[in-house]
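Take a look at these structures.
Next come two complexes built around chain A: one with chain B, the other with chain C.
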Partner chain A sequence: MSLFWHYAPSLLSGFGVTILCWAAGGALGLMLGFAIALIRRLRLAPVNGLIRVFIEIFRGTPFLVQLFLLYAGGPSIGLRLSATAAGILGLALYSSAYFAEIFRAGFAAVPAGQIEAAVSVGMAPIDTMMRVMLPGALIAAVPSIVNMLIILSKETVVLSIITVPELMYQVQTMAAETFTAFDAIFGMAVFYWLLVEVVSRAGARIEARVTAYLAHQGAPA
Partner chain B sequence: MIELAKVMKSFGAHPVLRGVDLSVQRSEVVCLIGPSGSGKSTLLRCVNFLEPYDSGEIRIDGRLIGYEDKRDGTRGRMRTRTLREMRREIGMVFQHFNLWPHMTALGNVAEPLRRVRGLAMREAADRAMAMLTRVGLAAKAGAYPSRLSGGQQQRVAIARALAMQPRLMLFDEPTSALDPELVGEVLEVMKSLAAEGMTMLVVTHEMGFAAHVAGRIAFIDEGRIIDEGPPAHVFHESAEPRVRQFLQTYHDRNAF
Partner chain C sequence: MKPEVILHSFGYLTRAAGATIAVSFAGIVLGFAIGSAICAARVSRRPWLRRAGAVYVSVFRGVPLLVQLLFIYYFLAEYGIDVPAIVAAVGALALSSAAYQAEILRGALNAVPRGQGEAATALGFSGLDIWRRILMPQALRISTPPLISEFILLLKASSLVSVVGIAELTRVSMNIASETYRPLEAYLAGGLFYLAINLCLAALGALAERRLGAPGAR
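For the complex of A and B:
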């Protein structure tokens, strides 16, 4: 236990970096994924082709590999990033592919009748999107978004490989210096579990709120 | 007010409307009845161009909807902006209400006023409240659709369409999705609208409503109007075997 006290400052800073990478990467990924889903709706064939390739690459390859390519290969295309910046960018790109799909499914989940109602009163496409489709799509997407954010919080450990000083990195350092691999990593597992617990409870509350008035929605068939 | 001439429409190789002629005068209530799959809902949806028709003409107050006939005789799609402007004058009520679930009853009615008519928040809310009062739902203004019964939801949907002050109203089986005991409240609202002189085109299976409120009934079968006239004629004197058979089935089912 005294070991943990001794390492508290570095563990705390690792915790801070983990939260930073997760929050920043997740937020950027959400924004990028949302933008991709919106652009896709314009149905421009060549653009959508590129988007499909982008999504397939980032969903079809391991995150670790993407991160290596970005950090080690980045400089050769003029992309010089600090480890943390590369980590955040990596998380953002990786998650954006998933978020784009989540938002696409969300838009598809908006009942056609709600859109027809907007069209039949003569609403402009932009208003139909902002006022009718978007809220419906977001409501439908919330559970999947929460799920993806949980997955992403655990993917942050991968950043330790490119020397981002996040929690895993600090724990490994501590373990290597003190030969207490099991205790340190077990402690970290508990920490992540607690983090996910907090996130999923918060997610469940948000879900309950946004779906509260949808619970009995829907006409009898 | 509504003029349909030789309207045709196919879904792929399947013809749904095979040359429909129909006219609805100002303040007239016309009910479209007929068997399922006869094309009556499709016909109604063509009137505000929610469903594009393939050929023929649908005119609202003399103006062709959905298409523009050019001088050289070819026909092109109407500009979407112009189509939107035409749709603003045509209220539509759907079988499944199609309320926006993330808005309250008041929000549902006020939203088109804000976005389409460009009213200020306050003014839109006032007019929406007046419309909800008219359909007897002032007390439910703050309720989300999920907290309303089917009949209440449909009355909100009617208020939403009415608030736009349309020149005519289309009803697509407005009571078909309702529990039987909730049908009456919706029909009452529609009756009062008819009494106020609203021009209405109604697809319905409510023969009682058709018999008592409609000025004219059009019977559709296999994409054609096979009989048309005042309710007394269609219900009691029709020479068309298909019409008699349909009504007989209806009588049998409802006589208990």
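For the complex of A and C:
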């Protein structure tokens, strides 16, 4: 137990890096995914073809291989990133492919009749987008977004393999220095289980709140 | 870019792809056996069994696979169980996948209309016959497409077993990268192999979905 206190600062900083990578990677991934979904709606054949290839590549290959490609392969094409930057960019690109599909499904879930109704009462295209399509699409997408963010929180441990100093990396360093591999990894497992349980519960609440808020926003004034 | 790096190690990568498929396949099959048992526990009439099944699913879906893998690896070492790393690797993939497969199977069982079981009971089918002739065939049919999706996810997740030294696609790509000092080409090649395998699996999944669509869907 005294060992634990000795390593508490490095574990805490590791937890900080984990949260940073998760939040930054998730936020960037959400923005990129949303942008991709919007561009897709313009229905430009060559662009949509490229987007499909992008999505297939990032959903069809392991996250670990993508990370290696960015971190180890990047310098060959002049892309030199620190481990943490490569980790965040990797999380963002990987999740953006999934988020793009989630947003696409969200837009598809808005009933055509609502859009037609908005057009027929004379709403400007931008208003149709902001007041009808966007709230409807987001309401449909929120559960999948929360789910993907939870999956992403688990993917952050993979960053330890490319030496991002996040929690898993710090735990393994501690384990190697103190020969307590089993206890350390057991602690890590319990910690993550609790974290995901808490995040899932919180996620369900946030889901309900966001849905209520959006439904209110989308309602005719 | 030096594409010849990829061509030179093509045979090496093909064998590694075989190892990736073998490890993932062993994981999905073993995971199906364990997952079926967990699913049976989750739909059991005994509350403590249902509870135990729910805890299993929550733990194995909540803890990252890399943590599970290293846990099993160190657990075996801690208790002096001397088995090759491949056992820990396949075991971790199977235990983790079992949690997801149990939920897929449970969902499929719930999708079989309740009335069918009741009708069979009314016709005098025994409990075992209801399982064997009515519930199981339909649940398997409904769960085939999501099980193939799970196989794709597991195939990608199997890249993590490179950490315990299994010579599969990711590990071999790492070796090629360090031997040739050409990481970009090596990981691109590895990635392309994963992509090719997964696109084949996705096509298989689409085919299964068309052929085995839920009864009544057509």
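We take it that the second predicted complex is superposed on the first by the 209 of 221 C-alpha atoms of A that agree within 3 Å, B and C clash if a C-alpha of one lies under 4 Å from a C-alpha of the other, contacts with A are read in each partner's own complex, and residues count from 1 in each chain.
In this text, contacts are C-beta pairs under 8 Å (C-beta built on N, C-alpha and C of every residue); 3 or more make two chains touch, one makes a residue touch a chain.
Just so it is clear, the model here is predicted, and its values are computed rather than measured.
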item: Which superposed partner A:A108 touches (first chain B, second chain C, both, neither); value: neither
item: First, second, both or neither for A:V158, with chain B first and chain C second; value: second
item: Which superposed partner A:A189 touches (first chain B, second chain C, both, neither); value: second
item: Dominant toucher of chain A (residue count), chain B or chain C; value: C
item: A:L42 touches, of chain B and chain C: first, second, both or neither?; value: neither
item: First (chain B), second (chain C), both or neither touched by A:I139; value: first
item: Which of chain B and chain C A:V65 touches, first, second, both or neither; value: second
item: Chain A positions touched by chain B in one structure and by chain C in the second; value: none
item: Contact set on chain B toward chain A in their complex; value: 48, 50, 80, 84-88, 90-92, 94-102, 111-112, 115-116, 144-147, 150, 153, 157, 160-161, 164, 177-179
item: For the chain C and chain A complex, residues of the former touching the latter; value: 1, 58-59, 61-68, 70-71, 74-75, 77-78, 152, 156-160, 162-163, 170, 173-174, 177, 182-188, 190-191, 194-195, 198-199, 202
item: Interface residues, chain A side, partner chain B - complex; value: 111, 113-114, 116-125, 127, 131-132, 135-136, 139, 213-217, 219-221
item: In the complex with chain C, residue positions of chain A that touch it; value: 56-57, 60-66, 68-69, 72-74, 76-77, 154-155, 157-158, 160-161, 168, 172, 181-182, 185-186, 188-189, 192-193, 195-197, 200
